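We just call them A, B, C and D in the order they show up, numbering each chain from 1.
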Amino acid sequence: MLKKIGVLTSGGDAPGMNNAIAGVVKSAHAKGIEVFGIKDGYKGLINGWFTKLDSDFTLDIISKGGTVLGSARLPEFKEESVRQKAVDQLQKHGIEALVVIGGDGSYMGAQRLTEMGINCVGLPGTIDNDIVSSDYTIGFDTALNTVIESVDKIRDTMTSHNRAAVVEVMGNRCGDLVTYAAIGTQAEVFSPSESKLTEEEICIQVKKLADINHRSVIILISEKQFDAKALAKKIQEVSGYDTRATILGHTQRGGRPTGMDRYLAFTAAMFAVDKLIAGEGGLYIGIENNQLVARDIESTLNMPKPDRTQIINKIRILNSKQIK
Amino acid sequence: MLKKIGVLTSGGDAPGMNNAIAGVVKSAHAKGIEVFGIKDGYKGLINGWFTKLDSDFTLDIISKGGTVLGSARLPEFKEESVRQKAVDQLQKHGIEALVVIGGDGSYMGAQRLTEMGINCVGLPGTIDNDIVSSDYTIGFDTALNTVIESVDKIRDTMTSHNRAAVVEVMGNRCGDLVTYAAIGTQAEVFSPSESKLTEEEICIQVKKLADINHRSVIILISEKQFDAKALAKKIQEVSGYDTRATILGHTQRGGRPTGMDRYLAFTAAMFAVDKLIAGEGGLYIGIENNQLVARDIESTLNMPKPDRTQIINKIRILNSKQIK
Amino acid sequence: MLKKIGVLTSGGDAPGMNNAIAGVVKSAHAKGIEVFGIKDGYKGLINGWFTKLDSDFTLDIISKGGTVLGSARLPEFKEESVRQKAVDQLQKHGIEALVVIGGDGSYMGAQRLTEMGINCVGLPGTIDNDIVSSDYTIGFDTALNTVIESVDKIRDTMTSHNRAAVVEVMGNRCGDLVTYAAIGTQAEVFSPSESKLTEEEICIQVKKLADINHRSVIILISEKQFDAKALAKKIQEVSGYDTRATILGHTQRGGRPTGMDRYLAFTAAMFAVDKLIAGEGGLYIGIENNQLVARDIESTLNMPKPDRTQIINKIRILNSKQIK
Amino acid sequence: MLKKIGVLTSGGDAPGMNNAIAGVVKSAHAKGIEVFGIKDGYKGLINGWFTKLDSDFTLDIISKGGTVLGSARLPEFKEESVRQKAVDQLQKHGIEALVVIGGDGSYMGAQRLTEMGINCVGLPGTIDNDIVSSDYTIGFDTALNTVIESVDKIRDTMTSHNRAAVVEVMGNRCGDLVTYAAIGTQAEVFSPSESKLTEEEICIQVKKLADINHRSVIILISEKQFDAKALAKKIQEVSGYDTRATILGHTQRGGRPTGMDRYLAFTAAMFAVDKLIAGEGGLYIGIENNQLVARDIESTLNMPKPDRTQIINKIRILNSKQIK
């Protein structure tokens, strides 16, 4: 019978992580299990930065962005001797199992700890939606809304001035933020990570819009593809639109979590605690086909990435044809 | 080969309806099909209130709540003679098929029109999430976020003053707005349509929280269950908390659509136009298991409502146990 | 030389109160003065619910609505014997002076404490904008934006459906929330506290709009004038508009403080601490003509209320004339 | 007796411009005066891009950012021959007077047109708050809230990760956006246009915070002072904080106008129309000491800029001292 569990957040923070923490705390308390918050991810784990969390604590955090537990990088966690320190700290405090909230960078640590006797269950916390074993990740919905609100604002001023705007959005390996935001804002041109356009392709498309006197143009690009300012300059030369660049940057990582992020985070956390109580570990929780599922961490690593080509192409065709 | 289609919104409006309209317009235009907007639902249909929509129009509407086409009730549409007028108007204008955006109140009209030779495809537009053939309806996500933002604000002041608040939320036949919002805000007590509490049960729960000096209490109720003010008064008498009532009302029906509502509305509209182009009608589009599906309208009417009892009970158990 | 001061919030909470607390803490710390937060207003004062506040604390609270110190009513504070307890508690803890954040209900307590040897300076914290010695009060700007966002949402759905809406807004003695929101939302009819309309006048105005087929109508009323539902019913009978009622209630009292509320709260708090350091008390801070001023509490009580009649009448004239 | 007036927006767009347009339309209509909207500023003026505006139009625009009339640059308007075309167009359409909404770049045009017989009154529309004859400009309040919301989001993730962030804010000649946002967000370091810090000063301050293990640091800078990315890199080297750069860019120029921007824009527009009706021109409207005033354009150009040094220095002192 489980008496004490820990919870930590690892990797890039995401809105909804606090709701996952709250879900862990409340689910565990309902079964009489104590919960310890571990500060700054695996770093706090090896240093023993543990704090007992009470139920009231959850009310303070559920509308806050980021993670109140903090997060930090610890590449050394790949080494067994380092992980052993973590196991020692957990045993010293009587903590028998762990919920790990984070991206796939935290998978292996959770898997290895499980192998060393500490059952771990992971929750998909990342704004990038780049965890293939979950249709949506905790934080994606909030980040998407932040991007859409920002692009709507940029659209206001671009339309006022008959301009074009390059907007750089997060999502290095997964372009879902770009694709979903393009659909939500009717961005005329978009270049998600998995279906990049060349500078030339972008310029040609914007030029065509200039030729039919389209009032404003939004070009959404995933990070690490282009230098946004240089691209804007090139577009201006080719199309004639006065063109501006905005890099949304870390605004996308914060903010009050949306309803769906809160719901996913909280219910996935409940599910994770159930698994730990059942004595299971080495699992990653995902939402697939609108249902919570738990998969072996190993198996999730080999899942194929969903193919967005079809929807991306369909939207691009719509954007290329206009009737006045 | 289809040349002209119509689009109308029917029943209670919902954020995202404008994105569905935009999706219809852009999808049809990409295939060279003209789109006519029909003002005020079936009422405009029989009166011939039709306007040709251009592609630029879509940019103006995608960040707006409500429906720019307007909606109206027309109970007489049940009569065949009235529907014949609609068919006549459509034929006069050469409109061969129709996208109907609305709740299940608009199902039968779409089915009957299809039987009379006008192919209709329906899209699930309603904030209530009460269409059983779709996991989520267009407008639910925006309304949920409106409820959560409102409850967060109410929580601020209730916590400042050590008070309790009764908050009445929409959702007469389906309590999802209450249930999801309860999870998102950690409402201590909640009474969704499909799992109502009695006044006595609510008072007892609040009293227990008073006994452990819980700082603030949120009680979420679906509309048409209680008189919110009278309930607040009763709770105050039993629990000792100074208790206030708020009726969120029609604020829940408006507002800028969220990313997910925009995405669902736009992609479902694309799917609907594809069906019309394929010569199909009498269908309702839903999102099931994270995929768009088209079902016969007849069959959707007999689908069983998903059972929320399990999640509701689990959350209630969490709420009833607290560790300090 | 001052060494320890206290800060409390009193009366109805308002967004921005936390920024005022932060301003007190940081200003005092910059001069080497310790700050004690007093829980639940005057109630905590007599019970000695004091907590030393550190600088880091301020970062956690500045984007939160409500007051983290809590507020409570204590009518008995009018009695000298009760106030003597407060003075005793303060002296016991070595707290020499006090910042009181709240509405005019907290004036007299601050004045009496000053007379008993504890210098007090008040800050105008209330959403109602009903403190005549300040052009704006802390919380008004946030509440105004909450009202406007809510009315914008209600407008969306009313326009979709060709309806009228009665919206009840806070502000019992001062109708500024209604008047400013009416200007910001172009509410067709508005009835602020200081220039009430009769039910008949409202119905006549709405009827005129119905006669020219105006699409939607917003009627803003200050609280405690009408039964909103009954008024809606009456309007529906007279005008023919399907009419709905919403009571915004306590949503208006919470929420993240706006930029202006943060700025006013923080700078006014700095000013208050300066006054305490200068050995002054019995003062109330206000913003007049865009400048912070400190007035004797006694004198503020006799100031005439600013007359809004002119602007209200001008707006009503605009609303009554329309050109198509 | 005036029969027709025009309204245009000029220079950089700002939220609230649409409310000013609405105010012009409704005020003029109430006096039986027709209003013509002029597309794209002075450019539309010389090209005769005029559209008659009706009262209903105003309801569609008041919650929208940007300017529905559009804006454009026209440096040639300095030449009398170009302005003569504008006068000709206005006379051809019988438009006798003009409201010009824009920054001080539009002052001289309005003054010269007045001299050529077309009475013009200007309204201060710019997010920068850089018009010295007005305490606040239309658009500043909305932009300030956009900045604060963005910085709050950035703070969430910086605190989660123990990082520093450089945030570049608009306001080339006037640093009010930086200064007010610094007060609202407790940015630890800020460098507004009129009180710039050197790179070295910034690094030293951040280093001091690193030395006391301050969890996160926000550095707000006005545009055109630094290369934000290079500055972030330097700060990282000196302080040890992992440091990120965000350029808020054109998100600051759009968005739904706040209550105060709506109020200021609408009431200032009413005042402007009153002046035109009184036969006056060559005026600029401002809000000074919380009152609307009209000044000769010439005189506003020579007004001294308000000195923000005192408040900037006071806040910097607070930031440099912390008690734990």
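In this text, a residue touches a chain if its C-beta (ideal position, glycine included) is under 8 Å from a C-beta of that chain, and two chains touch if they have at least 3 such contacts.
These numbers come from a predicted model, not from an experiment.
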item: Other chains in touch with both chain A and chain D; value: none
item: Same vs different contact residues, chain C with chain D, by half of numbers used; value: same
item: Relative to chain C, chain with the most remote C-alpha centre; value: A
item: Chain B and chain D, separation of their C-alpha mean positions in angstrom; value: 38
item: Inter-centroid spacing, chain D versus chain C (mean Cα positions, whole Å); value: 27
item: Computed distance of Cα centres, chain C from chain B, in Å; value: 34
item: Residues of chain A touching at least two other chains; value: 149, 152, 155, 159
item: Residues on chain C engaged by chain D in the complex (per definition of touch); value: 19, 22, 26-27, 29-30, 32, 34, 54-56, 58-59, 62-63, 135, 141, 144-145, 147-149, 152, 155, 159, 180-181, 183-186, 214-215, 256, 258-260, 262-263, 266-267, 270, 288-291, 311, 314, 317-324
item: Residues on chain D engaged by chain A in the complex (per definition of touch); value: 9, 12-13, 15, 40, 64-67, 70-72, 146, 149-150, 152-162, 165, 244-255
